[in-house]
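Letters A, B, C and D mark the chains as written, and numbering starts fresh at 1 in each.
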């Protein structure tokens, strides 16, 4: 197959994929008798048109950064972690246990503890599939899917039978103590000038950015990252270099699960302030799209998470203010994953003739 | 197998010269991306003969045969069967034209029975039962006619490799092939199985079948073929009658470069023993014994060259020493025994013991093609303290600097450390690997095929470096299929054949002819077959 | 558990196992042909919506089934395009199609009926009604096996029997026909098929068409037999349970029947906490029963109870020339 | 504009949420006004939905379902100028109106009808999510059944313990079959969207069912004995009518106020005998008069009869 220049592969292919997804979505909107332009307008206005909208967009972005990074780290070790959803939910359990165990006096103390809880629980949930892959060759994609379901059953059980306070009807934990409440953008000096209303975006956003940076350091600056990437590129070469496949798979998946779990800081601790059923709300799956769009690079993940934060918030607004159902964003999401992850060769082939002509002209 | 029977058979079935060739290929070319696997190849194979094809790894033999069998499409050229131009767009067409092929890597379905494999693709209708019973009968007949006995109800994964090969041959015969292609059939066989195979092939020839036999083993060529073609780097370099050639000539055609490169090097000053190997044995995944008790020693300041046709155990020897294949026996480095199976039997431990390794296959082992040159420059040594900034972070800037220096030193072109390895040419990729391994100043350097696919200028450079290392008092184990490389670089030569050391020679006291015979597994230097 | 209750639970298990069985056999064809399909869920969902909509609009359930098959095959073909023609990542394609289905079904149903992504309730000929097997009445009084026949086996909708019939048919096709031989071969070693002069691409697409048909039936069953209309996310993860059952069944048709019936039985039990409590003397949490199929599958995958070896070529696109 | 948020069962659950929708539609028809509405897709969306509607200036904001209670408690203070109305839950905030129903009374009446219509003497109850609110339904129902036929057997099942229990018709259908096999020939479904499966299966199997919240008699004419109507529609309608002037505090919609009752129409006319109707009407009158007191499960979390 003809090759594309690297920049086209990194920038153009995702953009074209996005464009294709958008065009098809627009056709679907037309087909159900609605106005695509109106949809776009409502989405942009609702997600980016006000500080309030941004407060939501950035909140979702934060979640998607974590799950996107989770997929990214695993990807570099050539592991496809579809278990972000379950890992994020179990991470939420970790957060809830930490937050409820101690009457936290101040969030600055609660946050680090909750982060540890989230990461440990998320990592633990990734550990079994990782071990089975590394040691017994059980396909990690299937096991992580199974673990998503097991996670949600476990959470339901715990919420209904164990963690629900007496007398409460809905399956949820008690509210976290006030000392564990994370400052939202409205509470942060400086930012409160822009965000004058209560928005869900909170300090976790900055932790997410730090996580992007940390993942970048990990993958491209540390020995461990070097080994992860080397193993991911070529198992045979890794063995020649004395890199242990079992170790790399385990560590990469534990980091991946930990990152997915950390997402819970944002939604469970920062927003809901209690653990609910299905707390991850599909963010684990969106992480796949984010990582694919972001070409498995933290910077790309950040940008793609922003895009998906926009789509998610914009989609919700669209569901609210137009008669286009909110499910359009599932469609869009599916299309983006399809074009960037599965039909990427098709997109490339569409571009090849263009570059071939240009190469000829140049010659 | 006895020579008398052989020659008798050959005379009995010699085809009349007037008949058109059973197969004729004209001007076949085939490229895989940038790799030109076949370049303008023409060949004629007469009916009722066995035609051998020899050539180095990657010479393009399998590709050529796959084209004949319709598995690949040629970029150019034409195919004539029995003198008639024939289109072979897919394997179905090849089967219809009476061609059967036994691939180097068998194309059998592992969890199918023999019978199911036999009928796959030539079923007699939408239901299996009639085809199966017909095949069962036919199989019985073929088994008797050609001494090809296998249990039709056994699944493939339960069969030995030799029996699997029989199934492949039966598959071709069941499809009424008149032309049978066998791609390196003996590579996976025990000597006894190989002998049996040759009896079968001889039998088939007597029945009038035409056979193309690809092999690396000169002895086999001499024993059974009527004519032989030699391929080199995608080209057909010669076709000769077997009776009019000799193993030495073939060895030269196959591996030898006409221009013998002169490597300027002084006499060796061997010092302490660096490497001792005793009774080293390796059994591979298919339970085939690849090393059958190898004993070797190398001293400091000495280059030991291992000559041999590829596939005789050299790769396994390097892999065991490099730390990524399992073995039994004893290996000592500087007098200390190393762990062959336990916790320290990995590649990292070997490097700590001062063993550096230039692997035979740089694309799959030596380099990560997507990594930049500087990242490849520490590959395998990435844990060394000198490449770290602190406990966690690698000293990337430092590595880039060191890489730039090393690239300068090893004349890697272009000397840009940030370029990905895949964008360097083969020769320059090899220099990157060599730079990495030699710059570490190891006690023992393992080098596999250091100049495969490398241009003349680079070869000279690489050779010079290896000699320099020796002169610095280090031990070098050199594996190469290029005889003249072995001859000109080595201080001592060991010849490997069939997982064993056939003998050791000093380069000044031997010649290519003698080595060629040893490589062919023939120890008696006077009475060639 | 007394016998009458057991009969009742078995009856319910058979109903609940049917969509799993159809989807599991669908996955079997695809994966035996070397194409991993985690998009069973999405195809079932699409099929459910299509059958609910068309059955309601035409009033004819069989047209609904036809539409279900059509919709499901369409998704199968997208999967084929991605994983066979363009050699993309089969797993990602499956994930994407599941998302697509979740969104698309609601969008279409909402556009057509404006009932929040449901299709209107089906009545009369727009829906399958139970049929009684011959002699069910007469057999009912025979001890032990009578109720088993009359209550458990008899009195289901046509598609239940289609699903049960699909098991021997699948077995027969797989092991007794030329197509089955080639299909199994292409999932194990596509080169063996290619060198035999058979088109790998055509075989794999045919397998996906069958997958589409069976998933279509599974979805149609959900919307027109088990329930009377399509509802948002009505498959509720059954596609994934079917996938789990497929692994549990080690990609074999009769085992698939066993595995899906077991999982159906677990689902039926989960509906009857009272029964569980009575027969086990303690309350087993419903979530534990819900999770059991997945846990069992992981155990099988881990190779602790007889290793599940997937078709060897599964998941990898067939690339002849690099 | 006013706004309405539906709970997880969805707007067209033919039951609880659809009743709310009906009220809103009535308001639209009469006033020609417009309102915003939103359907919950997941637990975690509730807070966002509330604050987004409040943010958009909607007033009053009506929400159906107890599950909003917790989030409303934290959102309401953020928007002191917005009025909120929550149905089925008491939230003690100065700008919240809490509307609760005496479901036990309505359930009592349909329980009586069930007992009278049953030929086997066994009747069934299928609840949605297992919470005190639904036990309140069950308890009232049991009391009514026992009042009409002290020997009656009542089979009870809850669909589940999570909100998905409101929208699981398959499970509703299977539970119905199970109860039929235990002899039940009248089944009362208090389970939101899950009830669709109950009513469907009851109709398929030829037994009677009792709908809930909305008048569900029309779903299977001649097969649904009656429906325990809970006038959620009135609650929504009145809240919309009152607009921003909606009065905070607790409002109890009981039998006397027409908040609950049983549905009679052409679809079930033939199923309800004169005698049955007279008996139930009489009981209703006595309840209103205070002569019969139906125990409220939620008052002490117990039920006097099983």
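Everything that follows uses one rule, which is that a residue touches a chain if its C-beta (ideal position, glycine included) is under 8 Å from a C-beta of that chain, and two chains touch if they have at least 3 such contacts.
Just so it is clear, the model here is predicted, and its values are computed rather than measured.
At the far end from chain A, in terms of centres built from Cα atoms, lies B.
In terms of their C-alpha centroids, the spacing between chain A and chain D amounts to 39 Å. Inter-chain centre distance (chain B to chain C, centres taken as mean C-alpha positions): 48 Å. Centre-to-centre separation of chain A and chain C, using mean CA positions: 30 Å.
Those residues of chain C in touch with two or more other chains are numbered 117.
In chain A, the residues that touch at least two other chains are 156, 160. Listed for chain B are no residues, as none touches two or more other chains. The complete set of chain-chain contacts reads A-B, A-C, A-D, B-C, C-D.
Of all residues in chain D, those touching chain C in their complex are 10-12, 39, 157, 160-161, 167-171, 173-175, 177-178, 181, 193, 196-197, 200, 204, 219.
If you check the complex, the residues on chain A that touch chain D are 52, 56, 156, 159-160, 168-172, 175, 197-198, 200, 267, 271-274, 276-279, 281, 316-317, 319-321, 326. Of all residues in chain B, only 32-33, 69-72, 90-95, 101, 103, 107-112, 116-117, 119-123, 125-129, 131 touch chain C in the complex they form. Chain contact summary for the complex, chain C toward chain D: residues 4-5, 7-8, 11-12, 15-16, 115-118, 121, 129-130, 226-228, 231-232, 234, 236, 268, 271-272, 274, 286.
Only residues 175-182, 184-185, 188-189, 191-198, 312, 320-322 of chain C touch chain B when the two sit together in their complex.
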